[in-house]
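Two complexes follow with subunit A in common, the first pairing it with subunit B and the second with subunit C.
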Partner chain A sequence: MRRISSVLPDLALVAAAPLVVYSVQRVFLHTPNERTMGTAFKIFFFHVPMGWICMLMAIVCGVAAGVQLRRRSQRAAAVALAAAEIGFLTGLGVLLTGPIWGHATWGTPWTGDARQVTTALLWLVIASYLLLRHFGQHASERLAASLAIFGAVNVPLIYYAVKLWKTTHPTTGVVGSLPPAMWASFWPGLGALLLVSLGLFAVRARQLILEGELDEAFVRLEDPRP
Partner chain B sequence: MRRIDLEGTITPPTTPEDGYAPVAGRSREDKELLSALEEQAAAKTASDYQHIVWAYGLLWALFAAYGLFLWRKSARLRADMADLRRAVDQRAGGKA
Partner chain C sequence: MRQSLLLLRSELRQELRDFELVMTSGFFTLVVLAMFYLSFAALEKKAHLAAIPGLLWLTVAFVGTLTLTRAFDREREADTLRALLAAPVDRLAIYFSKAASTLVVLLLCCALLVPGLASMFPAGQVFWDSPGQTAALVALGCLGYVAIGTLFAAGLAAGAGKNMLLAVILYPVTTPMLMWSLVTTRALLDKNPNLPDYLGQMAAVDVILLGLAALLFEPMLVGAPGRAQARRTARRPPRRNSDAPN
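Moving on, here comes the complex of A and B:
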């Protein structure tokens, strides 16, 4: 079982490679242009999955941080940090591709609508969490964990922002209402990005756990007591 | 809205008795309008592609940078493991 879980991250990354190529060629060569947004709509096929993965990672980070606070688990702390790093990366992806898409279709990169602001807020929370984990003193780990829980609570707010407030973003049912040709291009893109993200997440979590074990081993080695 | 016959169907001129046949087909006005629209559409598509290339490029550059960061971390961890192994061996040798 341990052997299978140790090769899973590598398997995810290997499986992602052909899926990335397939999804990119599907998006560019076999997906029709959207009637009002034209070619720029093709950014959707990677922008939306990145947003979903960012939210998923914020939830994983929040839950792991909760476990870390309750049980003082080092493994949970490693999972939370790995999830936060992937959340930071995908969040940055969303915040860069969104304004590029907005510039092409709305004519402005930033309208300051509720979904943009709540996403930026989540990204800032994740960034603060990472800064605390990397540069904070020993006790700041608990403060960082509380921040991660706050980030996870922000996720439903991002999802429902388009329903709660008037925004330029489309409603939550867009993916479900896609025509079959676009639907068939959306899932390979989501699958590819999810496999890459989960693979990197697992590799990073494994690294952090190993780092902790190595530190412990060095401390034990230098301990003069028999 | 004004419609332009995009197929450009040209009605065959009828040859009257005196040999005069008026030119029939798309008007000059239509041709100019169509050409202006084509130019606008081409410019929009080119601009869209520029945006797409930036978006996709940045996205995959981010993942590549993170992959590089993980690879460097792995190399450092492997070096730490080797140090630990050496330290353990030295300690075991010293005890023996």
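Moving on, here comes the complex of A and C:
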């Protein structure tokens, strides 16, 4: 069982490689252009999955941080850090592709609407979590964990921001209303990006756990008292 | 509850001795107000309507950070937070007393800030016209800010963390709450009939933030008991009858 779980991340990355190629060619060669937005709409197939993965990673980070606080688990701390790093990267992807799409559709890259602002805030929370983990002292790990929990609480806020506040952003039901041709291109792209993210997340988490175990072994070697 | 009130009384008594927090934060509020007046007084009324919510909540964010930093610096200098954590006091009482004392200081600063904004900018006249709603808005906004701020400021003070990290942590985490306050202030200035709904949403967010912060306070400051310690506590034999109070 342990052996299977150790090769799963590599399997995910290997499986993602052909799926990425397939989804890119499907989006650009076999998906019809949207009537009003034209080619710019193709960004949607990368922007939305990255947004979802960023929120998923923020939730994983928050849950792992909760376990870390509750059980003083170093493994959970490693999982939280790995999730935050992947969330940071996917969030950066969302914040870069969003303005490109917005510029083509709304004529301005940033309208300052609720969804944009709250997504940027979630990314800032993840960034401050990483800053705290990397530059804070040892005791600031617990502080960072609390921050991650607040970051996870921010996720439903982002989801409902579009409903609560007046916004120019597409509503939360836009994916469900896609025509079948676009729908069929959306899922392979989501699957590919999800596999890449989960694979990288698992590899990074394993690396951090090993790093922690190595540190502990080194401390035991230096100070063998029970 | 009783412990919270006792600790709050001690905090307020300490503050009444020299008014350190009220004086420094109040003076800072006045300075920020003066700077805003010099920068934005020449704008049109329409621009004031858009600017006032930002001016109000930016000042609250700045003053709140200053108050929290100074309040916990005092604890750090005398190492009193560690002493309190070691004392047989409910940790939640420590959190609520600290949050309440910070809220009092912040509300006193808002008592300068809101009338200041209302007098300096004609669009702020609404604050005079609806004092009840303004008071509710300011109280709910400050409560949300203080709920999160106290948690992280205490975490930094207890862990001997770097103070500059407070701003790094606090601004991204409190901005959703401040944004909510901003939208509600805009609704108040626009005389939006849905204002009570916005205030209700703010109250709900406050309750969630307070609950979450109260839940995290102890694990963050002292850490949850480890598994081994929890097992030892569970296995500990019951007290003998002779130990029990008569």
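The rule is simple: the second predicted complex is superposed on the first by the 223 of 226 C-alpha atoms of A that agree within 3 Å, B and C clash if a C-alpha of one lies under 4 Å from a C-alpha of the other, contacts with A are read in each partner's own complex, and residues count from 1 in each chain.
Methods note: contacts are C-beta pairs under 8 Å (C-beta built on N, C-alpha and C of every residue); 3 or more make two chains touch, one makes a residue touch a chain.
Fair warning: this is a prediction, and the values are worked out from it, not measured in the lab.
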Should the superposition on subunit A be reported as showing a clash between subunit B and subunit C, or a fit? fit
Should A:101 be classified as contacting the first partner (subunit B), the second (subunit C), both, or neither? first
After lining up the shared chain so the two structures overlap, which partner does A:140 touch, if you call subunit B first and subunit C second: first, second, both or neither? second
Under the stated touch criterion, which partner chain does A:207 make contact with: subunit B (first), subunit C (second), both, or neither? first
Tell me the contact category for A:121 with respect to subunit B and subunit C: first, second, both or neither. second
Thinking of the overlay built on chain A, is A:89 touched by subunit B (first), by subunit C (second), by both, or by neither? first
Is A:70 touching the first partner subunit B, the second partner subunit C, both, or neither of them? second
Write the angle, vertex at the C-alpha centre of subunit A, between the C-alpha centres of subunit B and subunit C, to the nearest 10 degrees. 130
Could you tell me if A:181 is touching subunit B, subunit C, both of them or neither one (first, second, both, neither)? neither
Would you check which partner chain A:46 touches, where first means subunit B only, second means subunit C only, and both and neither mean what they say? first
In whole Å, subunit B and subunit C in the superposition are separated at their closest C-alpha atoms by 23
In the superposed view, which residues of subunit A touch subunit B and also subunit C? none
Subunit A-facing residues of subunit B, complex: 44-45, 47-49, 51-52, 54-56, 58-59, 62-63, 66-67, 70, 73-74, 77, 80-81, 84, 87-88, 91
Help me check something: in the complex, which residues belonging to subunit C touch subunit A? 148, 151-152, 155-156, 158-162, 165, 168-169, 171-173, 175-176, 179, 183, 201, 208, 212, 216, 219-221, 223-224, 226-227
Residue set of subunit A touching subunit B in the complex reads 24, 38-40, 42-43, 46-47, 50, 85, 89, 92-93, 96-97, 100-101, 103-104, 196, 200, 203-204, 207, 210-211, 214, 217-218, 221
Listed in rising order, the residues of subunit A that touch subunit C in the complex are 69-72, 114, 117-118, 121, 124-125, 127-128, 131-132, 135-137, 139-140, 142-143, 145-147, 149-151, 153-154, 157, 164-165
